[in-house]
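Working notes, beginning with the structure itself.
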Amino acid sequence: MKFLFEILKQISVSGDESSVSASILQYIDQRKDHWNVIPIIYSGENFHDCILLKFGEPRTAVFAHMDTVGFMTRYNNQLISIGGPEIIEGSVLVGSDSLGEITCKLHGDENEIYHDFPRGIDPGTSLSFHQNVRLDEDFIQAAYLDNRLGVYSAMNLCETITDGWVVFSTYEEHGGGSMPFLLKFIQNTSPVRQALISDITWITEGVQFHKGVVISIRDKYIPRKKFIDRIIKLAKESGIPFQLEVEEFGGSDGREVQFSPYAIDWCFIGAAEENVHTPDERVSLADLEAMLNIYPFLLERL
Amino acid sequence: MKFLFEILKQISVSGDESSVSASILQYIDQRKDHWNVIPIIYSGENFHDCILLKFGEPRTAVFAHMDTVGFMTRYNNQLISIGGPEIIEGSVLVGSDSLGEITCKLHGDENEIYHDFPRGIDPGTSLSFHQNVRLDEDFIQAAYLDNRLGVYSAMNLCETITDGWVVFSTYEEHGGGSMPFLLKFIQNTSPVRQALISDITWITEGVQFHKGVVISIRDKYIPRKKFIDRIIKLAKESGIPFQLEVEEFGGSDGREVQFSPYAIDWCFIGAAEENVHTPDERVSLADLEAMLNIYPFLLERL
Amino acid sequence: MKFLFEILKQISVSGDESSVSASILQYIDQRKDHWNVIPIIYSGENFHDCILLKFGEPRTAVFAHMDTVGFMTRYNNQLISIGGPEIIEGSVLVGSDSLGEITCKLHGDENEIYHDFPRGIDPGTSLSFHQNVRLDEDFIQAAYLDNRLGVYSAMNLCETITDGWVVFSTYEEHGGGSMPFLLKFIQNTSPVRQALISDITWITEGVQFHKGVVISIRDKYIPRKKFIDRIIKLAKESGIPFQLEVEEFGGSDGREVQFSPYAIDWCFIGAAEENVHTPDERVSLADLEAMLNIYPFLLERL
């Protein structure tokens, strides 16, 4: 889990993902010779801060977003949201601007958010939750588990995958915008008809801790029933613990697969967390393990 | 109207359109040798559940969506909406899951919808309104007229069309998602600059029964005035009864033509109904006849 | 400023931009031989009412939208909005339909808008604010400054630009729809990785008159920080007065660059106005001058 702890330390609010992207790229570079298959790596300014890995002959693409929710400084001591962070009085926020490192506290509510940093902060500076990783026998608790765990799961898949795309995307928390060019590149390079979204969902009345990885039948958007039925059938065969989600709201990079100009089926698969978009996101280690296990199983068989 | 009655029986909630798609494909197969021009048929997994027919040298594409609104089972006896169905206490819903056929009643309201089926239903099962087709001298009344009548009109056009695309799309009721890849395929195969949306609109203070097919000047989105003016001019020449719609809300597959990366003009043309998205949608037979008549007239001249 | 006064007279509500497009095209035709570089001009039905100018070897594209907010006649004497015009009791509206010229007054509020023209107006007719241009030493005040000033600035850039795209788009005020095909054409013809949005923003608590052209760090959407940082660095070097904007709401053609299937960085740069979307939009001449000056400076260096 060293890599996970490494990326949990990185700040990467939507629009400002360059540092976590560099970390992931560095890790890939260090590890890739130990992987089952050495991928072709696509990154750099032509891909903004995104990273694509092509292994063998892909039939399926796996997407994990690198960005997190956070805040941006506005005028005076005002803050505005990036993505949908919970506004919790007293939250510790961190970042940096032209004058140096910043640690401050959030005050206010949805109507007006501000910080208490003693000096002004450059307008347009990204701040995000102070990190505090807590691990016990059953749970991991930290900021940014959404979607550091999805990135971690996608990276774990890289160890054994023989055929497939593994893609690290940006901007997911703030409406998206990198998926369209990533999908275009994939379809023009080595096209797929299937996409899995490696991301973290929510504990709800129907999705509970320790019941396994979540296969989402729908959120705000609805994947094609034919594909979901096939995933569920495979999941049953795998013996890996899983639970089904049927929600009316929420979205993911799957939304952009749905609305892309390609006939690509998609499904969201990931562990569930409580305290979503707070510094205290919490995920069951058993559910995370099921997430880590189901991706290699599915990638081989889909 | 045998084909219309056939497809009115089919359940095809957004995301789960495979059975109506198979019916339409079967009908095309049976009828196509009797059509004026035999089309090239594009369907199958590369097109998900959509169907495209290419007749001659297309200048215009006609789109009719195959899906309908409905409900999806969530946890326990909860239901959530697919598209925007009216929530009417006591509505009879039908569907099937792994344990067999389902007929149940809807209870609750917009805040919480549930069913009264005596056993649990598999989460993620699609349910839709029980069908009851009523026909008299002036009206047809049934569930799913939106958009079975649009499909019927598009199929009727196939009898005589010499040049054009006729396309059956999915997901229209739930935000769309098939139009982007359909449009891309069309533009890469035999491009067009004009699109007509064969769909059903609403009776309002300005759109009334028996006044003819509706040509929509706008809904939430606004087609280009130049194109609408040309359509209206042709409609006047046709002698076919029509009325003009100017609405602030609502959308159709035209929205996705508007936002596509192609300079394609579009216009919504179809009969109007009352009791929208209920089991009791009602359309004037005279308006339907005008709809059936205007499509061949326009396709020849546009 | 003769060209600016010329286009301020033109009505071009979203969806009905053909007359302003013709004026701009005519002006380009008259002026282009005096420009530093003669561009390749793309226009006509394949581009709907949009115009693209390709100068030299483009690295950056500049977008200015030609449409304005306004109203559309519905049934009886009702009006509905196009874009988001302010609804001000007694505003004078102008337009024309099949029976001739129209000048009338707006009555009502957001819930119900109507006009007082003594005869019925053809349904689907576009009306917009009566124009009244006021110029003094410090300010220009008129309807449609958003985005006639952006068009004017883009046209001014044409005088000296050596390499770049200058593009006049449609539909920006009403959700967009021309940008996707414009971007596709650009990327297939002579691709770029950078886009600037030549448009007018709002006076707010952080953006004030006479403080210079606005470089927007974000509105509802968030451009990539790497690119914004580069723009701000260049702006500082230029000595041209500028101010930074950080807003939570609002959008521009930049939104469609963000969601396009191309990895193109974007930034909104333009003067700020008060009385947005009214007949009395007001812009500082000093801010306009800074806008006119920054575009040639940036285009050369980006």
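The first chain written gets the first letter, and so on, giving A, B and C; residue counts start at 1 in each chain.
Please note the rule applied: contacts are C-beta pairs under 8 Å (C-beta built on N, C-alpha and C of every residue); 3 or more make two chains touch, one makes a residue touch a chain.
Please read all numbers here as calculations on a predicted model, not as lab measurements.
Viewed as a network of touching protein chains, the structure reduces to a complete graph with every chain in contact with every other. In a homomeric contact, the two copies may use the same or different surfaces; for chain A and chain C, under half of the interface residue numbers are shared, pointing to different surfaces.
Superposition of chain B on chain C using C-alpha atoms only gives a rotation of 120 degrees, nearest 5. The mean-CA centres of chain A and chain C are about 36 angstrom from one another, to the nearest whole unit.
In chain C, the residues that touch at least two other chains are 260-261. Those residues of chain B that touch chain A in the complex are listed here as 14-16, 18, 45-50, 72-75, 80-82, 123-124, 126, 171, 174-178, 180-181, 183-184, 260-261. For chain C in complex with chain A, the residues that touch the partner chain are 193, 205-206, 217-218, 221-226, 228, 244, 246-248, 258-263, 265.
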